Amino acid sequence: MPSDQERILVRAAGEVIPGQIVNLGIGLPTRLSHYLSEEMGVLVHSENGVLGCRPRTTGEAPDFDMIDSGGAYIATRPGASVFDSAMSFAMIRRSRVDITFMGAFEVDELGNLANWKIPGKFSPGIGGAMELAQKVKKLVILCSHNDKHGNPKILSRCRLPLTAPACVSRIITDKAVMDVTPEGLAVVDIAEGLGVVELRAATEAELIIDESQLGRF
Amino acid sequence: MTLLNNKFQAVEEAVARIPDGASIMVGGFGSPGTPFALIDELLAQGQRGLTLIKNDANEPGIGISRLIEAGRVNRLITSHIGLNRLAIEAMNREELSVEMHPQGLLAEKIRSAGAGHYGFLTDIGLGTEIAGKRREIECEDRTWAIEPALYADFALVHAEQADRYGNLIYRGTASNFNPLMAMAAEHVIAQAYRVAEPGSLALESIHTPCAFISQVVQITEATSEQGRRHHAV
Amino acid sequence: MTLLNNKFQAVEEAVARIPDGASIMVGGFGSPGTPFALIDELLAQGQRGLTLIKNDANEPGIGISRLIEAGRVNRLITSHIGLNRLAIEAMNREELSVEMHPQGLLAEKIRSAGAGHYGFLTDIGLGTEIAGKRREIECEDRTWAIEPALYADFALVHAEQADRYGNLIYRGTASNFNPLMAMAAEHVIAQAYRVAEPGSLALESIHTPCAFISQVVQITEATSEQGRRHHAV
Amino acid sequence: MPSDQERILVRAAGEVIPGQIVNLGIGLPTRLSHYLSEEMGVLVHSENGVLGCRPRTTGEAPDFDMIDSGGAYIATRPGASVFDSAMSFAMIRRSRVDITFMGAFEVDELGNLANWKIPGKFSPGIGGAMELAQKVKKLVILCSHNDKHGNPKILSRCRLPLTAPACVSRIITDKAVMDVTPEGLAVVDIAEGLGVVELRAATEAELIIDESQLGRF
């Protein structure tokens, strides 16, 4: 049986359309690159200055000049290019990246995202997350539905400093797939074996659920 | 944006996306880098009421001068049209509205759009007659002019080499405004002499990454012969 | 600027120009593109009270972390220091003053200096806590934040190849901030594995033209081994 | 005997220090490239995007992708590079061009320059002249001392729209070499065979002349 993380990644891979340009945030989203086959003709953008990166295959020697924004040594796919940081973020700000996947500390009903700072505890700097969140055409959040203490991460309103306001399109957790809509968070899919009551209990945000339309994943 | 695999098209199909009244950036400084094949297709297809943005107006009989001569251009945003008496005459007859910018500011206005900004703050032109036309602000006890970014609906660019995804390599002084316009326009059509399979261009040699390009068209060397034949200087 | 023929120097001589208290841009995103040899020479020479501008703080024990660990850095302007617990601790102990910017804005602030502007106008960060720290203006009925350009006294950059005049070619993701910093600093010292005679690099392959470079230093591959050995991810 | 233009060019070549980066304006200044030998190790910048251009030698075939800003087909010297228009003007605005030579309609005692527009008669656009005039470290004007009607071009105050205010360092004409100083225009050299009285008569601007220091050219 796949782990929660694997289920999230398999579900997330289905969001990518062949031929798109994709950015993957640090952590869980980075692992999505293993689910994007060369046949899809997708180019993965990494904000340190490469378009078309892929994970190294087993035994493939590292090229010390080739990393992704998480610091992993990478290889490239046909059609790849490298460029400076200004070009890399021009691509982001001009919405030339079709879809980006990111982790989250908190997401809320308005699509607000907080994933970079916990005042007094964790403030290493925002890196490229702010511009990605604000400008990429479609932002999909991949995260656990609850934190390690069981507290909900899907909130009515974010309490931490925002990465960007009203930026999230879709949220994929171990418990549900939710869309940010003008009416609030609409549940698209619910985890195999999970009930609607349990999902609501694990969530601070109000959830819009039409059980007749609900998918499973 | 076009998906990566669908970008390689025939010139007719690529240019047919341009409607009447479009604003179009056109690469090139003089002849080098001017996308002659795309311009000629635009002339053939008949779109009118165009706003063109190009460093210069080419020379009479070639490039965007043909569009101007055919009355298809309402407005030209440019830096210098001194080598095109027909464009100067059209301007003087008020058939062509011309907006002129110092060359480096024109380049930066386009680059600023390509970077997704509203604009930039400069001291270029303060104390000259162009200064009065711009909004100024004080920062750190000095005066700066606000230069808004220049966006456009389309860009037509010329490259030496491309791949099917739209990665571009320019050659010599044919680079000029092309890489800037490729980033600044909403929809970018690139022409290139050679369009290779993805993976055949060295990573570091690519000047414009494919993310900015909507369509790629392959042309023959002959399509820029007009520029070479007419080039006068 | 140094005259073209006088740029090729020994690393000791090039770095000796940097005084105490200098502001120094340092290329690199993580290890790739970090000018380890120039940084180590700076460590050896003992300049202090430095302001460093770099995307990140490298990792403990390498690159600019060595300067921070040795107490030689007063101030760091950066985007993300999450991979360097020593830098975070120095920041938390208030021994190191840290100014953080979103990565793309940091890149653009440096690029804006390289282009000779006062700054640029952006919508990035509006509605977040960084917005309140910036001056805002209204243009065409929308709010924009003014991001001033970021200049520096020196830049230390790493290239794969150079020529004696200072033309530079970067490799892979080792480009990152290097070409931007090369344009933004008053005095630019470049290190490269190979320093060729002028004329040996193809015109179109040059990423940073020599006009921006003050000194060129040749290093061996071994001088970046530290970055490779320690690189943890 | 050399023509006036040749005398101006020979004198102007002496302004260039080996190893400098030089920009040459359209017209007479462009011809200065013939006076800069490869041995000087000078790189000539042209604002359309090339550093290190040189005139083609007799019989050298044109490369149709290689022109200078005046439109002439050019070749390059060792150490040359090509780049886009933004990079080219960044180089200018950051004062990475050491010296530039330009023509003039009018120059005045304050170092103001007018060389791009005659209202109602000639307004093809300013091209790159404004940024070059304002930002290059040293601006040397090469022009005839008087226009074709004999009217002075070296004025008390420019009357035409300015290219840039207070930008000129030195003026080299067929009649004199003049420096712009806080006190006004100081004559450095006077043309062989020309008298100080004749020079003053041909000039609208006040000239500071120390006859004991005066060079000939």
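The chains carry the letters A, B, C and D, assigned in the order they are written, with residues numbered from 1 in each.
Just so it is clear, a contact is a pair of C-beta atoms (placed from the backbone, for glycine too) under 8 Å apart; a residue touches a chain by one contact, two chains touch by 3 or more.
Everything quoted here is computed from the prediction, not taken from an experiment.
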| task | Identify the chains in contact with chain A as well as chain B, in label order. | result | C
| Which chain's mean C-alpha position is the greatest distance from chain C's? | D
| Centroid distance [mean C-alpha coordinates] between chain C and chain B, Å | 32
| query | Distance from the CA centroid of chain A to that of chain D, rounded to the nearest Å? | reply | 57
| Interchain centroid distance [CA atoms averaged], chain A/chain C, Å | 30
| message | Residues touching two or more other chains, restricted to chain A: which are they? | response | 50, 82-83, 86, 89, 92-93, 135
| Touching two or more other chains - residues of chain C | 108, 111, 115-117, 123, 170-172, 175, 203-204, 207
| query | Looking at which chains touch, is this a line, ring, star, complete or other? | reply | other
| query | Touching pairs of chains, which are they? | reply | A-B, A-C, B-C, B-D, C-D
| remark: Residue positions on chain B within touch of chain D in the complex are 29-33, 55, 78-83, 88, 98, 100, 102-105, 107-108, 110-111, 123-125, 127-130, 160, 170-180, 207, 224, 227-228, 231-233
| request: Can you check the complex and tell me which residues of chain B touch chain C? | output: 108, 111-112, 115-123, 135, 137, 139-140, 142, 144, 146, 148, 169-172, 175, 203-205, 207
| request: Flag every residue of chain A that touches chain B in the complex, lowest number first. | output: 17-21, 41-43, 45, 50-51, 76-83, 86-87, 89-94, 96-98, 135
| field | Residue numbers on chain C that touch chain D, as the complex places them | value | 1, 3-6, 114-117, 163-165, 167, 183, 197-199, 201, 203-204, 206, 209-212
| In their complex, what parts of chain A are in touch with chain C? | 46-50, 63-73, 82-86, 88-89, 92-93, 123-131, 134-135, 161-165
